[in-house]
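Labels run A, B and C following the written order; every chain starts at residue 1.
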Amino acid sequence: MTLHELAKQLDARIERGSGKEEISSVEAIGEARAGSVCFISNPSYEKYLSTTQASAVIISEALVVTENVSTPALLRTPNPYVAFARAIELFNPRKDMFVPKVHPSAVISPSAKLHESVGIGAHVYVGEDVTIGEGSAIHPGAVIYDNTVIGRHVVIGAGSVIGFDGFGYAATSEKTFTKIPQIGNVIIEDDVEIGALCTIDRATLNHTIIHRGVKLDNLVHIAHNVEIGEDTVIAAQTGISGSAKIGKRNQIAGQVGMIGHITIADDVTIIAQSGVSKAITKSGTYFGAPAKEFRAALRQEGALAQLPELLQRVRELEEKIRILEGHS
Amino acid sequence: MTLHELAKQLDARIERGSGKEEISSVEAIGEARAGSVCFISNPSYEKYLSTTQASAVIISEALVVTENVSTPALLRTPNPYVAFARAIELFNPRKDMFVPKVHPSAVISPSAKLHESVGIGAHVYVGEDVTIGEGSAIHPGAVIYDNTVIGRHVVIGAGSVIGFDGFGYAATSEKTFTKIPQIGNVIIEDDVEIGALCTIDRATLNHTIIHRGVKLDNLVHIAHNVEIGEDTVIAAQTGISGSAKIGKRNQIAGQVGMIGHITIADDVTIIAQSGVSKAITKSGTYFGAPAKEFRAALRQEGALAQLPELLQRVRELEEKIRILEGHS
Amino acid sequence: MTLHELAKQLDARIERGSGKEEISSVEAIGEARAGSVCFISNPSYEKYLSTTQASAVIISEALVVTENVSTPALLRTPNPYVAFARAIELFNPRKDMFVPKVHPSAVISPSAKLHESVGIGAHVYVGEDVTIGEGSAIHPGAVIYDNTVIGRHVVIGAGSVIGFDGFGYAATSEKTFTKIPQIGNVIIEDDVEIGALCTIDRATLNHTIIHRGVKLDNLVHIAHNVEIGEDTVIAAQTGISGSAKIGKRNQIAGQVGMIGHITIADDVTIIAQSGVSKAITKSGTYFGAPAKEFRAALRQEGALAQLPELLQRVRELEEKIRILEGHS
């Protein structure tokens, strides 16, 4: 493909190039060879711009490139990361791993309703009355329990368990535990992508709901009756306790824990390892355990770093006051 | 079923009802429709009592309902949560997912001894000399290694791995690692319920033991030679390091970490995300990393919130003392 | 086996024994019976030396045993833990769980290249163009995606997922997410051992690399493009974010989180539950969230414990200064 053709496909503008350059692969800027296109999104990689062997680099419209620095051809675009994703697709058409569409080792209950385009990997289990929409893919070893509803273009990662009973027990007077039957289900809307080895528990009553466009990384736990708003992304090893309601477009980092029965606003970012112990009613960035507004958390963390020295300063103050008291 | 019949089944007392009300389902109080019964256990749901469409509400003997507030029929019981569990069972007899009892896709070693009532899901692996007691259920994709002993009425969740080698290595003089063979096993006593995607490692020597009535949520890790006391419950993503001995009736929240080779007393509650770094010898509630007695942890957390302001106050004191020192 | 024969096999020196003692098992020192050998590595177990029923105890050359204390025969060796591992092997030859070598329920893509000695457990999935070297073992339920390269004498634990797509999405201008195709792979070098239910994601471009001798515990998450240096060990439930480069001989405890795109030096130890938020350039021990040098972390933790009292002391200082200011 010529650079000119590539630019057209990516809706990008050529700078410093003739358009006749031959491009045949997408590579990482640090290791790129001639004939490849790479990209810069993170500023820490800009240093490679003058040294890369790539034939072209996708960069943002905003990036200022000094005139006398020699660079490969540049492809200007408002969103280099999205253009990079498209470029990878162009040069690396994905093989379909779901051939045959339903692997013969999978166990599908007769009452499950799967769109004919659905891909089911090896050793998958699909329970009774499950429905799975067009273009969805269930990866090897995943377990989908009875009555789960899965929309269109959904990905369920390898080994994930959807619709297992929620963790609900009532303490008896003898201090043992009685199971609360979990008779609700899980609903996963369109364009949701679930990582590997996640657990999404069925609701006690009603539904656990993962709304359109949500993306979960690996080893994420979603408890019963949780609801996750559209286009929210959650990184690995995070856990959401029962009946929490999470807003739209949240960005929740890894190893975050969230207490149950709380509501999180839209457009909230939560930093890694935070512990969210109460509702968040305002969009913004939150951090810490317990999680607080980002600036307050930073201030507290900064103060904490000064604490050993503060102890020493207070000791000195006490000494000085003893002396002053002696004088007065 | 009439309310009168339901009350009898739940061992509850009718208040504000004729007993002739027809009840046909259990619903959540917020969304309940006529003909349903719901329950209140958490006080934050009491506000629904006057507005719910349910025909009856299960409440505790202790809850005071103002006389002039209009409510549905009330079912009084000492433990509404347990009564709610029974009510769900009454109206929603669970279908048995283990038909046939042993799924033909499961791989069961010939030397394993399974009670005839045991249910084994799709794609389960059961190793040599495993024994599984009456009424136990092994969910799809679970892996049970050699010599594991599983009691009666045990549930092993989907994808859980029981009896994999513990993480034991000895550092050699060349700073590489030699595996310590793990020749012990796992013993799971009666009435234990293990969530999905948990790992319980076999002992190096002797046994890893999960005692009667223990409940584990999803993605919990139990290392080699751990022992967990009767009726202890552990929430999702918690990890217990090797050779820890946990008492009876502990309630351990999610994402807790526990160091190895320590002992935890009976009747201990540990708050989410805590890091337990030494033995706990007294029943009570513990919190933080490192975990400490709850009130001390709260006091420390409260003090921490005042720390940025404290820094400012000390700066002011230093200034005042400079002035006083100038005077004296 | 006589003690003399055992000592020869373990390259140990007999003390306080005739060498004619019959040894037939390895046991834990607390529960050992006559005829067994046990070991002491952790000093907290030295108290058992005079009371154990074992016929011999493996101890370090350095351990001082008081002359008038009666003990079983002693086996002196520079590294008791390694000798203990060898002793277990001698008395407990491991049965091979991979008979037949490739379980008939496993699904192996025709283009995968497996050495004839490789063991593949039940319900394993091996994708296209995977290569697996001599003596490696893939445990039941593991999923190995296309193009993964696995070296010799590698263990992949039950249910682990190797080579699933990394968690890479580009935010579009509409605040939804576009998937970045993940076209790299995973390379696992010789002598690596991966626990149960781990996830190691394939690289976006290039490789996610687990170097020779690395050991991972259970439920560990390794994101795309991570590189882990030789002989590093990582305990359970730890997560390493994308593109992090971890040095050799690191010892990373459980539930640690590590931010992406950072580099960790060789010979670094990271304490449990730490959050590593920036590069570590110097070998040593690190702790806390954010992780800092061990002594600084301890000092901060110690100061934190004094914080509630410090608040009180500052209040008293303020009062005293008010009085002094009144006087002056």
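Rule of thumb we're sticking to: contacts are C-beta pairs under 8 Å (C-beta built on N, C-alpha and C of every residue); 3 or more make two chains touch, one makes a residue touch a chain.
Treat the numbers as computed from the prediction; the structure is a model and nothing was measured.
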| item | value |
| --- | --- |
| Topology of the chain contact graph, where touching chains are joined (line, ring, star, complete, other) | complete |
| Interface composition of copies subunit A and subunit B: same or different, split at half | different |
| Whole-Å separation of chain centres (CA-atom averages), subunit A against subunit B | 26 |
| Shared interface positions of subunit B, touching two or more other chains | 105, 123, 141, 159, 197, 219, 237, 255, 304, 307, 310, 314, 317, 321, 324, 328 |
| Touching residues on subunit B, where the partner in the complex is subunit A | 26-28, 31, 42, 44, 78-79, 81-82, 84-85, 88-89, 92, 94-95, 97, 103, 105, 121-123, 139-141, 157-159, 191, 193, 195-197, 213, 215, 217-219, 231, 233, 235-237, 249, 254-255, 272-273, 301, 304-305, 307-308, 310-311, 314, 317-318, 321, 324-325, 328 |
| Residues of subunit B touching subunit C in the complex | 105, 107, 123, 125, 127-128, 141, 143, 145-146, 159, 161, 164, 167, 169-173, 175-181, 183, 197, 199, 201, 204-206, 219, 221, 223, 237, 239, 241, 255, 257, 259, 261, 275, 289-290, 299-300, 302-304, 306-307, 310, 313-314, 317, 320-321, 324, 327-328 |
